[in-house]
Amino acid sequence: METFMTIVAGILLTIGTYLVLSRSLLRIILGLSIFSHGAHLMLLTMAGLKQGAAPLVGEQTGTYTDPLPQALILTSIVISFALTAFFLVLGYRTYVELGTDDMRELRGENDE
Amino acid sequence: MNTIAMSEILTLLFIFIGTALSLLSSFGFLRLPDVYTRSHAGTKSVTLGLLSILTGAFLYFWLKHGVISIRLVLGITFVFLTAPVAGHMIARSAYRSGVKLADISAADELKEDLEKMKQENKESLN
Amino acid sequence: MKFTDTILQTATRVLVMIILTYSIYILFAGHHNPGGGFIGGLVTSSALVLLAMAYDVRTVRQIIPFDFKRIGAFGVLVAVLTGTSALFFGEPFLFQVFAEVDLPLFGPRELATAVLFDLGVYFAVIGTTITIILSISEDQ
Amino acid sequence: MFQWLLLLSLSLLSLSVMVSIYRLIRGPSMADRVLALDAISYHIIGIVTVLTVMMDTQAYLEIVLLIGIIAFLGTIALSKFVDGGVVIEYNRDE
Amino acid sequence: MSLLHYVILTPFIFALTVPFLRTYLRNIHTGWFVIFVPLVLFIYFASHLTLDIGSTPIQHTIPWIEKLDIHFTVYMDGLGLLFSLIITGIGTLVVLYSIYYMSKERESLHTFYIYLLMFMGAMLGVVLSDNLMVLYVFWELTSVSSFLLIAYWFQRQNPRYGAQKSMLITVTGGFFMLLGFLFLYTMTGTFSIREIIDSAGQISTHPLFIPTILLILLGAFTKSAQFPFHIWLPDAMEAPTPISAYLHSATMVKAGVYLVARLTPLFGGTMEWFWIITVVGIITLFWGSFMAIRQPDLKALLAFSTVSQLGLIMSLLGIGSLALHPDQSMNAMLFAGASLAAIFHLFNHSMFKGCLFMVIGILDHETGTRDVRRLGGLMSIMPISFTLSIIGGFSMAGLPPFSGFLSKEMFFTGVLTAYRTLESWVILLPLAAWIASIFTFVYSMILIFETFTGPLHLERLDKKPQEPPYGMLLPPTILASIVVIVFFFPNLLSYTILEPALRSVLPPAMLGLENGFEVNITAWHGWNTELFMTLGVILFGILLYKSLRHWKGIYEWISPKLSLNHLYDRLLEGGENGAYRITNLHMTGFLRDYLAYIFATVIIIAGGSLVWQNLLTLDTSQNAPISIYEYVLSSLLVITALFVVISNSRLFSIIAVGAVGYMISLFFVIFRAPDLALTQLVVETITTSLFLLCFYFLPKLRKEVERVRLRIGNLLIALGVGGTLTAIGLAAQGHRLFEPISYYFEESYTLAGAMNMVNAILVDFRAFDTMLEIVVLFIAGAGVYTLIKLRQSGRDAK
Amino acid sequence: MNNLVVFPILLPLLSGISMFFFRDRIRLQRKVAVNGLLATLAVSLILVGMIAQNGVQVLHIGGWEAPFGITLVADMFAALLLTTASIVSLACLIYAFHSTDEAREKFYTYPFLMLLVCGVNGSFLTGDLFNLFVFYEVMLIASYVLLSLGGSKIQLRETIKYIAINIVASMLFVIAIAYLYAVVGTLNMAHLSERVAEIGQDGVITTISLLFLLVFGLKASLFLYFWLPGSYSAPPPAIAAIFAALLTKVGIYSIIRMFTLVFYHHPEVTHTIMIWLAALTMILGAIGAIAHWDVKKILNYNVIVSVGFIVFGIGLSHADALSGALFYLLHDMIAKALIFILGGAMISIAGTHNLREISGLISHHPALGWLFFLVALALAGIPPLSGFVGKVMILQGGVEKQFYSVVVISLITSLMVLYSVMKIFINGFWGETILSEEEEKSTGRGILIPGSILAALIILLGIGADWAMVYVEQAVEVLVNPSIYINAVFTQP
């Protein structure tokens, strides 16, 4: 399962990377979103999967899944949410202000 | 037959009814000709299937562990309340965004109203 | 072209109450069940978003006449000050205490300063989310 | 046996999700896709519920209601988006 | 702090008071106050002349940066004293001269004197420091103050150009010299020149020895304007003339000479040292004298002459260093003579060149030009200046009865010695020296006779010329008289200055001498080769001078494109253009390129490390089992994500990404993470709705009409990144070496009163993270608000 | 336990957040900001004193013992950086009072600035890897907002690139943490150090460490500097100054911390790569610096060069070179802040950042000109200013470790740095004065106080290097002996 999920996370990272490299700002933001999903999945996978019950004390089984990576991912999710939100609005403002979402047109002149 | 086995059977029964409904509705979803007909499959039977599954789970926890799960009851209520509203909103948006009815449809009762509305809209713009 | 969303608005009135109750539950249940301030805050925000979608931004502003940025800042302050208060007792920053308290109505409950901290998170999340959504909506 | 049957149910529900995803991709109209999304979310609630029974834990029951709320919100938002593009109006009466 | 420390610091301290002088005593020329600094210091140094400084140097240490073994150690021996005397003596005269030269009304005198004092202190620091690092500190300070002084008239283009050039070249040398010093430190473990010289024997076999020589000489050569680094000196002539007289002929350019002399005991015995210095010196001598002839600007002529004379001194030091060579011990005294000549000529050069510069300054000041083609026949109007220039010029040409004759003769002896003791092809050395001397003669004659004799064209001059005030004539007169006096009584210097200085260059102990040298300079050595060479110089010199018009054309053969100046300009310009091109090549401003570079680096370094360390492993033994629905869900996840790539519909991509998020949350459910699933669900919803809110306005996603090559490139990069990260992941999880620390959190109920471990971690164990996380969220919210509102309010205001 | 350790984080945080409640009272905001930073400075100085006396100060947040909770560790290294960062940000803040327009002030410039400082200080103090990530994000998101604050076209455009690259970097950071957690199973740096030392840093860990190097390198603009020149040109001068002084330095700090505390076992791999990346950074940065005739661009590329130089010092893994790198780090924070403040003042006076259109500023602004000259020399490492000592120590380390080529590269690049900043001085300050005092776009006031404070520090750090060296030595002692750090974390209750 872990191996499999690592590969799945890797595929997500690949897709995210590919999207991030494209020209459209929206695709870039979407790509970053997918990239961070991949990262979170990777973090969860790295800690070991399905090793026990959900980390709630009182669950019947004696062993629990490692709760620490879950807390980390939670933090990371919130942070990437904040980043995505800001980035999105930035993209929106850029479009309103500069009239394009094509990164090629957002290069900026060299002598500015 | 003890209560546990009974609860399991009951649960399975409900869950399988739900699963079957869901699966059926998805095939309906696949097969039906236009968005308005599909919306029936997409909202009504799926909702029923889901409610059945939820009831199954509720019965499972009730009968097996003796726990009356408020969350599940709340969930059932919520799904029950929201599903029709959602279905209504989708169908309405589909109609207003100009999705055509399938050729086999018998009547379009809202057509006149929509035309009138569009007319008014034009006038108010002018 | 105006369409009245009577169905939606009617449903919303009921649903918002359900969602808000649920969010409060999730906020306080977080210590023992999945949930917590963050999710609670987000759920509350979604109730407000539902309100905004069914009605409009102005209505939401009328219902909750606060500056949401300040609510957010207030939440952060609550969280930070919860941590800081430990300093006055000579404990390390963010030292949390919990105790079994016999409350008059609820029976024996566990009270933890962590809940206060979670409350800060809750407000910060509401403030931020609604600020973001309303800012964008108002711009259009 | 119980577990096995639940697994079967899960697989069938996954199949439903797949079918709905076909609709999501095919369209043809935007409303179809919203509809598909709505259906998917209900399927997912079903999956989570079955998983809850399968793992014999109440830990995921919060998710059931939450997906419900979210699915509803999402459907409303998307259908408003499809409808007029504006999801949240500043002032309806204008 | 000893007195000597204060002596070095006095100019700096006094410099701080200069702005106040300028503010409160405007009516008196600032120079009248400043002049006391060099004067008092000169008297102080002169008082040491009576002591036997050669055998008992003064040495004091105060710690500065002890950790780096940098101590502010002052050390005054004969060499230091000689330089100090020149610095303060000529300094006094230059300040006196500047009082008349620099107008107190028009010029910003305070900056001038601040720079001048700063330079003076720095120069004293260079020649009196025992610690290489402290020496370096002062060395760079001289470069800086020279930079400031050259660009004193910074409104004009040429001074700025000259200043930049001099700084670039000298600082380059300085930096590499610093590296040389660090090499020395590595070899000897100390920065103290004394201690390094004491360990001279041990380091000559060190592999860094030759690089050290090269690096240090690079510093010395750039500072002393040796070929091919001499090009900055003519451009430095844009400085006010007192500065040219002081820095660029008498003192600063001699810092390199000082360094070579100072380090001769250390490196002197090696052939590399001898060859590099001698050859570079001779080439500089030759080239400088050759180029001086063509200069129409008198100051440029003097600049090239300075270059050439510095080459002369340098080559003498090179030859003299052979005295320390173990194979040449029987000729040691002969070579020592060359070193003596170097020191003697250094002294003489400071005198006559200072004098000449001041005379040129007078000419410039009185006529408004220094162009030799416009000048002429000034003899009758400015007789005193004429006399002074004859004394200086003849001394420079090496004619009797002036001091230059003596040192020139000794120079010939030196090069002849080198020829006689080494191989026969070394005859090139005396030959080059002799030809260079002829050129020297020629340009000296140009300097004197083209300006003062011949027809006078008053109409070509900006001003009506007249003798300057006596105050202005006094400094060159003093220098000129020293030139004459030294010729007749050279041994006045022998015991007081030259001999102690020579002891520092060639320590008698190293030569196996008990009592040091007998320095005895005489004008008459009989009819020897040197005298015939001098006669030849005069003969051919006069011939060449008279026929100047006929052979001057050869300068035209030298294409300006081949000149070093041109090379320097091209280097700067080309460097700048090339740099611009290189920068533009990779700094395209296109986000895709930047990200591609970053990802490529990740692939190369992290992936490279994986491959190189052979870590591509797969260990599935600890894996949990997989169920069918998990396969289905994963493939759905991947397919949905792939559709984002393919899709052209904005809305559909957004929804698909949302779907990916939901499926991730489903995985969270499967992997027993209810809190995560909850959070992911809500967050995903809100993100998706934000996408919808923001991107309503955006145009339809265009089909990416990228070039195929670019797309393949992107694909490869993406696969590379994904592959690398997956591979590391696989390697890492087949490689669990330790039990995670999480067992602790299973006690969350007893420790934190929480059944939900994840929540306990979030609000208690790692509440700090959560606190900051909401800070992040809050900042993002406020940021969104500012993003949207700030422009709006700006619009409203309009 | 020492609660004082949390104050450098808490004070800017509280003052920053509280300012959201009085948005329109700018004067009050200024007061709060200045007092907050002054208090931070005071706390940092007290910390320096305490550490000098009693060794490393540790705070287990929430009272949770070391590997389980989050630990804040203030060793001398962190405390020195805190002190410098406080001074620098104070100077930039004071300059911001004069150079920021009212609209920006009303839109929370000062709160965001304080939160940025909070993130920076936290990154210096934290002893937990994931917490470091969180602090990074606090710092970064504050920097995003500050960068885009005002919403001019160039700001929007450059912020997009900046954010995109940084999000990628952040996610790589998370992934790297994931790998490390999988292998070693802990997050606390001291614990990491122990565990990694126990198994002697095998190949997998080395690979992960390289990933960390790249992540930190992205933040520090070590070789992966592509985002820097553009984005630092966008914001107002005071903000650019604080960015230049602090942001990249946090990346450098992290490199130093992680590669002296945890990943120090295979310097022949990790540190060699570091050195060559540093060399490339120096070369490319210097090339960029001499290429441009744009004041902002020149200064931005200079930031890159110095990063390369410092990392070179780190990569030598030699105690003396490390002290040099530390010293140079402190110097660079101050000097970069100063030169950016001055450059900003220059641009605001002349109304353009094209160097060909600026000329002769020194006649009306001598103080500005001479401060610029001073800091230009300091940047090139001309003695006896602050850049010299660090430079000599790093070069000496390079010579001893026989990295001659890199030593020569760093010398050549410091020449190019000198050329580039002197180009600004010669062309911008010297030459004909083309603007009369009336024509100037701004008075350039407001640089005097921050400028002279920073300039005084530059001179003091150069001449009084011996005094500063005592503290730097103490800092390096902890860095070369990880056991001091580990013991402090695990023994203090």
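Assorted remarks:
Letters are used for the chains, namely A, B, C, D, E and F, taken in the order the chains are written, and counting of residues starts over at 1 for each.
The working rule: a contact is a pair of C-beta atoms (placed from the backbone, for glycine too) under 8 Å apart; a residue touches a chain by one contact, two chains touch by 3 or more.
Only a predicted model underlies this, so the values are computations on that prediction, with no experimental measurement involved.
Counting only chains that touch, the fewest steps needed to get from chain A to chain B is 2.
Any chain bridging chain B and chain C, meaning touching each of them, is among D; the list is complete. Farthest from chain F, judged by the mean position of CA atoms in each chain, is B.
Closest to the protein's overall CA centre, chain by chain, comes F. By number of C-beta pairs in contact, A-F leads when D-E and A-F are compared. One inter-chain figure worth recording: chain B and chain D are separated by 10 Å, centre to centre, where each centre is the mean of the chain's CA atoms.
Inter-chain spacing, taken between the CA centroids of chain C and chain D, is 25 Å.
A straight line joining the Cα centres of chain E and chain F is 27 Å long. Residues of chain D found to touch two or more other chains are 13, 15, 30, 55, 58-60, 62-63, 65-66, 69-70, 72-73, 76-77, 80, 86-88. Shown for chain C are the residues in touch with two or more other chains, namely 8, 15, 22, 26, 32-35, 38-39, 43, 46, 49, 69, 72-73, 76, 80, 93-94, 96, 128, 132-133, 135-138, 140. Among the residues of chain B, those in touch with two or more other chains are 74, 78, 82, 85, 89, 92, 96.
In this structure, the chains touch in the following pairs: A-C, A-D, A-E, A-F, B-C, B-D, C-D, C-E, C-F, D-E, E-F.
Here chain B touches chain D in the complex through residues 8, 11-12, 15-16, 18-20, 22-23, 25-27, 29-30, 35, 38-39, 42-43, 46-47, 49-50, 53-54, 56-57, 60-61, 67, 69, 71-72, 74-75, 78-79, 82-83, 85-87, 89-94, 96-97, 99, going by the rule given at the top. By the touch criterion given at the top, residues 584, 587-592, 595-596, 599, 618-620, 622-626, 630, 634, 637-638, 641-642, 644-645, 650, 653-654, 657, 660-661, 664, 667-668, 670-676, 679-680, 683, 686-687, 690-691, 694-695, 697-699, 701-702, 704, 706, 714-715, 717-719, 721-723, 725-726, 729-730, 732-733, 736, 740-742, 745-746, 748-749, 754-758, 761-762, 765-766, 769-770, 773-774, 776-777, 779-781, 783-784, 787-788, 791 of chain E touch chain A in their complex.
Within the complex formed with chain E, the residues of chain A that make contact are 1-15, 17-24, 26-31, 33-34, 37, 40-42, 44-58, 64-68, 70-75, 77-79, 81-86, 88-93, 95-97, 101-104, 106-108, 110. Listing the residues of chain C that touch chain E in their complex gives 26, 30-39, 42-43, 45-46, 49, 69, 72-73, 75-76, 79-80, 83, 93-94, 96, 98-99, 110, 112, 114-115, 117-118, 120-121, 124-125, 127-129, 131-133, 135-140.
Those residues of chain B that touch chain C in the complex are listed here as 74, 77-78, 81-82, 85, 88-89, 92, 96, 117-118, 120-121.
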